[in-house]
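Chain naming follows the written order as A, B, C and D, and within any one chain the residues start at number 1.
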């Protein structure tokens, strides 16, 4: 039942972040919403790899190497999320540097002041 | 008004996408075939206790190469966008207590980072985590020492060197064994030792150096040169 | 008997995280929020150590070490930002 | 015991997410977003992936907060609002 709870938690975080990205006016708040949605997605992916009553896929004294296949959780979602988190940090840094440059041009953080691409 | 309705519709649509995932969800009991193969191969063929490490470095090694490339492009992008505005550099005032403490703590953090990425195949952790810890050590240096200068040329050298060595090990895998990024170019050794699992610790250490220098460059640029 | 004590400790840690979180939400100034964040990370480290005991894996303690160091750096950064703004 | 911990942490994380959206002060929003990352790493640990937990603990709590703070400082120099 554990992964059911975390799945619901991840979907709720994703929805809250998406709502923030759609409704907030401040550019930095939009990036914060993106980072919340990012965390939600990662929790969803890791929950889908959980197996009932099993433990981390690292062989040491607690896990027997002979029948490890019966004792560990799925390693593939962990590996995917691990790289996705680092990418998320890099994308956040690029977005924030765009915001700094835009602020230098227009002296405003509100998204209503940037109408060049509006139709 | 129309805007609010559109936002509500979009959020409801996102929920509708995930509704079947929740309603039809059941916790699995057994690994699927591919994952079972990875766990089995990681222990018996590669001699790596941490299965996640062997998936990242070997089975999905090409993905990791692409991911490191994306990180490099992000570093270049931040550097291009924020280059050359020295007037808004963040100035800090000297603080005796923090300066004394951090000179001890920075060394400890660096040792922890090196421990994390050299033991990536034995314990949780690896190149990405170790690189982030090393970048945090440099960040503490920037926050505590007033005149701390972190040389861009050394960072660039470490970054390029580890990138070239990473691809070089991959090509050595083609020449000496059967495929790109195959860790079988070094002997497997005793299961659970530090020097074991073929080339996996070497590759992960190179990834650690690369990630650490790239994130440090991003932090230095964001602070202002 | 020992398990009861450990479970009680976990409950106490959870309640403490909730209390510091309330201070973080209410806190009138930014300094209150920063101190609440610092307290929350330290309590969470004890929760991680409890989980490592409960699930019977010693290697989970590595995560607690990294957690402690990194949260310290975050709090130092926020403190320097607050000091600069005066 | 583990379900109780997950439900307690989950409620706090959702409250922090809602608070991060509705805070007036940007600094308070950034701190709330940091709290979400901090508690998410405990969730990853319970789900049996300590590698992901370590990454989230080091990136989410430390570096993301600091990058947001650097950008915030560059955007408003000297202007103080709580």
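To be clear about the criterion, contacts are C-beta pairs under 8 Å (C-beta built on N, C-alpha and C of every residue); 3 or more make two chains touch, one makes a residue touch a chain.
Everything numeric in this text was worked out from a predicted model, so none of it was measured.
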Looking at C-D and A-C, which pair shares more C-beta contacts? C-D
From the C-alpha centre of subunit A to that of subunit D, how far is it in Å? 11
Return the distance between the CA-based centres of subunit A and subunit C, expressed in whole Å. 21
So, in whole Å, the Cα centroid of subunit A is separated from that of subunit B by 16
Where subunit C touches two or more other chains simultaneously, the residues are 55, 57, 59-60, 62-63, 66, 70, 73, 77, 84
Please list all residues of subunit A that touch 2 or more other chains. 1-3, 8, 19, 50, 55-58, 60, 72, 78, 82, 86, 89, 93, 96-97, 100
Which subunit B residues reach two or more other chains? 50, 52, 90, 116, 123-125, 128-129, 132-133, 136, 139, 215, 218, 222
Viewed as a graph of touching chains, is the assembly arranged as a line, ring, star, complete set, or other? complete
Looking at the complex, which residues from subunit B come into contact with subunit A? 7, 10-11, 14-15, 18, 21-22, 25, 27-32, 34-36, 38-40, 43, 49-52, 55-56, 60, 63-64, 67, 70-71, 74-75, 77-78, 81-82, 85, 123-124, 128, 132, 191-192, 211, 215, 218, 221-222
With touch defined as at the start, can you tell me which subunit A residues reach subunit D in the complex? 1-3, 5-6, 8-9, 12-13, 16-17, 19-20, 24, 26, 28-29, 31-33, 35-36, 39, 42-43, 46-47, 49-50, 54-58, 72-73, 77-78, 81-82, 85-86, 88-89, 92-93, 96-97, 99-100, 103, 109
Please output the residues of subunit C touching subunit B within their complex, sorted ascending. 59-60, 62-63, 65-66, 69-70, 73, 76-77, 80, 83-84
Note which residues of subunit B are touching subunit C in the complex, please. 90-93, 98, 109, 112, 116, 123-125, 129, 133, 136, 139-140, 143-144
Please output the residues of subunit B touching subunit D within their complex, sorted ascending. 50, 52-53, 88, 90, 116, 124-126, 128-129, 132-133, 135-136, 139, 215, 218-219, 222-224
